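First chain written, first letter: the chains are A, B and C, and each begins at residue 1.
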Amino acid sequence: MSDTALTLSAFLSRPAKTTSILPLSVRDLVLNFGETTVLRGLDLDLGPTGCTMVMGQNGSGKSLFLKLLHGLMQPTSGQIRWGENPAEKVTARQALVFQKPVLLRRSVAANIDFALKARGKERTRRDGILDHVGLLDKAGQPARLLSGGEAQRLALARALATDPEVLFLDEPTASLDPASVLMIERIVGDARARGVRIIFITHDIGQARRMADDVVFMHGGRIIEHSPASEFFPDPKSDVARDYLNGKLVV
Amino acid sequence: MVLSGDSDLLEIVVLSLRVSLTATAIACFIGLIVGALVAISRFRGRNALLILMNALMGLPPVVVGLLVYLHLSRSGPLGFLGLLYTPTAMILAQTILITPIIAALSRQILEDLHAEYAEQFRSLCLTRMQTIEALLWDARYSLLTVGLAGFGRAVAEVGAVIIVGGNIDHLTRVMTTAIALETSKGDLALALALGIILLVIALGVNAAVQSVRMTAARQAYV
Amino acid sequence: MLGTTIGASALAIILAGGALAQDQSIIVQSTTSTANSGLYDYLLPIFQDETGIQVNVVAVGTGQAIKNAENCDGDVLLVHAKAAEEKFVAAGFGTTRTDLMYNDFVIVGPAADPAAVSGMTDVQGALTKIAEAGALFASRGDDSGTHKKEVSLWADTSIDPTASSGDWYRETGSGMGATLNAGIGMGAYVMTDRATWINFGNRQDYVIEVQGDEDMFNQYGVIPINPAKCPAVNVDAAQTFADWLVSAKGQEVIAAYKIDDQQLFFPNAPDQ
C-alpha cells in the first residue's frame, strides 16, 4: 500500500480555496464553566503547514482547546482567527477525529457516503478513500462490527473524505494495538504531505517524536511551551514538560 | 364465523388493520418529526413540553373519541366534512391517540442517539434537517418498536372508535367493537374467539418486527 | 425523507376512506335492543334490494341516540321512549313520529327465584316483592328507553329503588347486554326487552320470571330528522326508509322476523 499516496493525490487534491484559513492566531483565550476557569488565557500562532502535536496531562485542557479551535464551542473571552475568519465560520473546512470513533449504524461505505453528501462531494471518491485506508474489502460490512483499529481508520477516512484544510485528531490511537497505530500514523503522514495542516493530541511520547514538527505543551489550562520538535524533546524549557517526558506525575 | 373464516370476519380484520396501520403511519410521520425536533432542540419551556408529551401518552381513548365526535358531528365545526361514522374518523381518533406516544418515545430514543452523534455532526456542519434525517435513519430499528407500541395501542382500543365509528356493520365495525358487541349480546365464546384472533394478529405483527430487529442487531445497527 | 412515502400512502388511504360515504346511504340512530335482536340484519337487505339505499345503523342507548340525532348525526331516529320522542319532534328535531311496532319487556331472574316472583303477570306487584325481599335487581341506569320504562314502572309502585342504590338496587350504567351479563354474574333480577333476551347467548340458569303485563309493552317509533334543523340530512332517503317501515310491506317483514319460532316484534303502524 506504499504507493497509494500517489494514487490518492489523483482524487484528493488540496481544496481550491479563495483565501487560506491559515495561519492560526489565538489571543488570550479563556473558557469558564460556571465558576470554574478551565482555559486561562491561551496565546498561540501556528504556521500554514506541518504537524503540531498537543501534549499534556489529562485535564490540562487539550481537548477543550481543540473543540474551540474547531468552532464546536464558544470561548468565554479571547480571540481565534483562522486567516481572517473566526473559528465557527471555518468548521466546514476542517475535520475532527475523536478518540472513540463515532460511527453511524450503517455500512462502512455508507459512513463515507454520509460525510460526502453532507459536504456536497462526489460519491465516486468513496472507493479510492476506502482503498487508501485499507478498508475497501470491508465496504459492505456494518461499520460498528469493525475492530478498534479498522473503526478508527474509517473515522479518519471519513474525515479526509471531506477534503479538510485542517485535520484535528484527539488521541486517535489511545486504545489501539501497535500495528493499527502505525497505520493511522501513515495515513495522517500522507495527509500532512499533501499539505493538510495537522493538529494532533497524544499522550504517546514515541508517537509525538515520530510525527511532530512542533509541540504545544499544556498544563493546568495554560500553554506552558510551544517549541519545534527538535528543541522540545531533547531540551524542554519547563520543568513540568521535562517531568512529563520523564513519566513523572506532576500535581 | 371464526373457524370458517367467513367474509364478514375477514372484512372486520381487514378494516381493523387498515384503520390502525393508517393511523400508525400518520402518527409516525407527525410524531417522529416532533420527537426529533424536540430531541435536538433546546428552548424555553422545553421541560414543560416534555411533561405534556409524556402526559398525553395516557390520553383515555373515550376522551379522544368524544373530542373527535364533537368536532366531526354535523353540528360541530368540522361537520360539513361528513366524516363521522366513517373509517376516516376512526383513523383520525386513533392518530390523535397514538401520536403523543410516538413523539414521546421517539424523542427519548433520538435524544440518546443524538448525545452520541452531536459533536461529530457539528464537526460535519450538518443542517437541522440533515441531523434529523440521519438520526431517524440510524434509529430506525428502535423506532420500529415505537411504531409497534403505537399500533398496539391503536388496534386494541375500543373507546374512541366505537364513538366516532359507530360500530356500523360492513362500514366501521372493527375487531374491538365487534368484541364489545358480541359481549353485549352475551355471546362470550364468539367475543373471546375474536379476542384470540386480535391477539394472533398482534403476535404476528410483533414477531415480524422482532425478526427485522434481530437481523439488524446482528449487524450492530440497533 | 423517511416518512414521506409513508405519509403519501397514508393520505391516499384516507381519501379512499372518505369516498366510502356513499350518497345513497343513511344513518339510523337506533337502540341497541333492535340491533342486538338481529332485526336489522333481516330487514335491511330486503329494504336495500327494493330501494338501493344503504342503511347504516348506529346502535346506542335511546338517550344517546336522541342526543346524537339532536347533533344532526343521523337521518332517521328509531327508538322506544314515546315521551322523549314526542319532545324531540316538538323541539323541531324530527319531522313526524309514527308508531312502528312493539315488543314487550320481561323480568328475568335466576332459577332459584329468591323473591318468589316466578309466573307473576302483575309487574308492579313483582317489583314490590323484589324490593321487600331485598333481592338484587340490576338496572340499566343509562337513561335509555328501557331504563326510562323501568323507572316509570317503579314510580307506579311508590317504592324509590334509587334510595337503595348500591345495596340491592344495582345501576350498571351500561347497555342491555352488559347489564344482563352483570346481572347474571351477581344473581340479580333484570328487566329486559324480550327480543334481546331471546337473542342473548349467555343466559346460564336464568329464566323469564315475569311477563304479560300490558304495562310492559314497549312501543317503538320512527322519526325522520328534520332538514330544517339539520340541512345535511339525506331527506329523501330518510323519508323513503320511514315510509317503507310503516308500509304494508315493511310491517309484513317485521312480523315475519322470528327466532326459534318466536315473533320478536309486533307491527302496529297506523294504516297508511
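Simple rule for what comes next: a contact is a pair of C-beta atoms (placed from the backbone, for glycine too) under 8 Å apart; a residue touches a chain by one contact, two chains touch by 3 or more.
The shown structure was predicted, so the numbers you read here are calculated from the model rather than taken from an experiment.
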Which of line, ring, star, complete and other names the graph you get from chains that touch?
line
Using CA atom means as chain centres, which chain is nearest the centre of all the protein shown?
B
At what distance in angstrom does the C-alpha mean of subunit B lie from that of subunit A?
46
Cα centroid separation between subunit B and subunit C, in whole Å?
33
Centroid from C-alpha atoms only, then distance subunit A to subunit C, rounded to Å. What do you get?
79
Residues of subunit B engaged with two or more neighbouring chains:
137
Among the residues of subunit A, which are close enough to touch at least two other chains?
none
Which of the residues in subunit C end up touching subunit B in this complex?
1-3, 6-7, 9-10, 13-14, 17-18, 20-21, 27, 32, 36, 41, 56-59, 68, 70-73, 175-178, 180-181, 199-203, 230, 232
Okay, in this complex, where on subunit B does subunit C touch?
18, 22, 25-26, 28-29, 32-33, 73-76, 79-80, 82-88, 91, 133, 136-137, 140, 166-169, 171, 181, 183-190
Residues of subunit B defined as touching subunit A within the complex:
116-117, 119-120, 122-126, 130, 134, 137-138, 219-222
Note which residues of subunit A are touching subunit B in the complex, please.
67, 70, 72, 91-92, 94-96, 98, 102, 104-106, 114-115, 118-119, 142, 144-145, 162
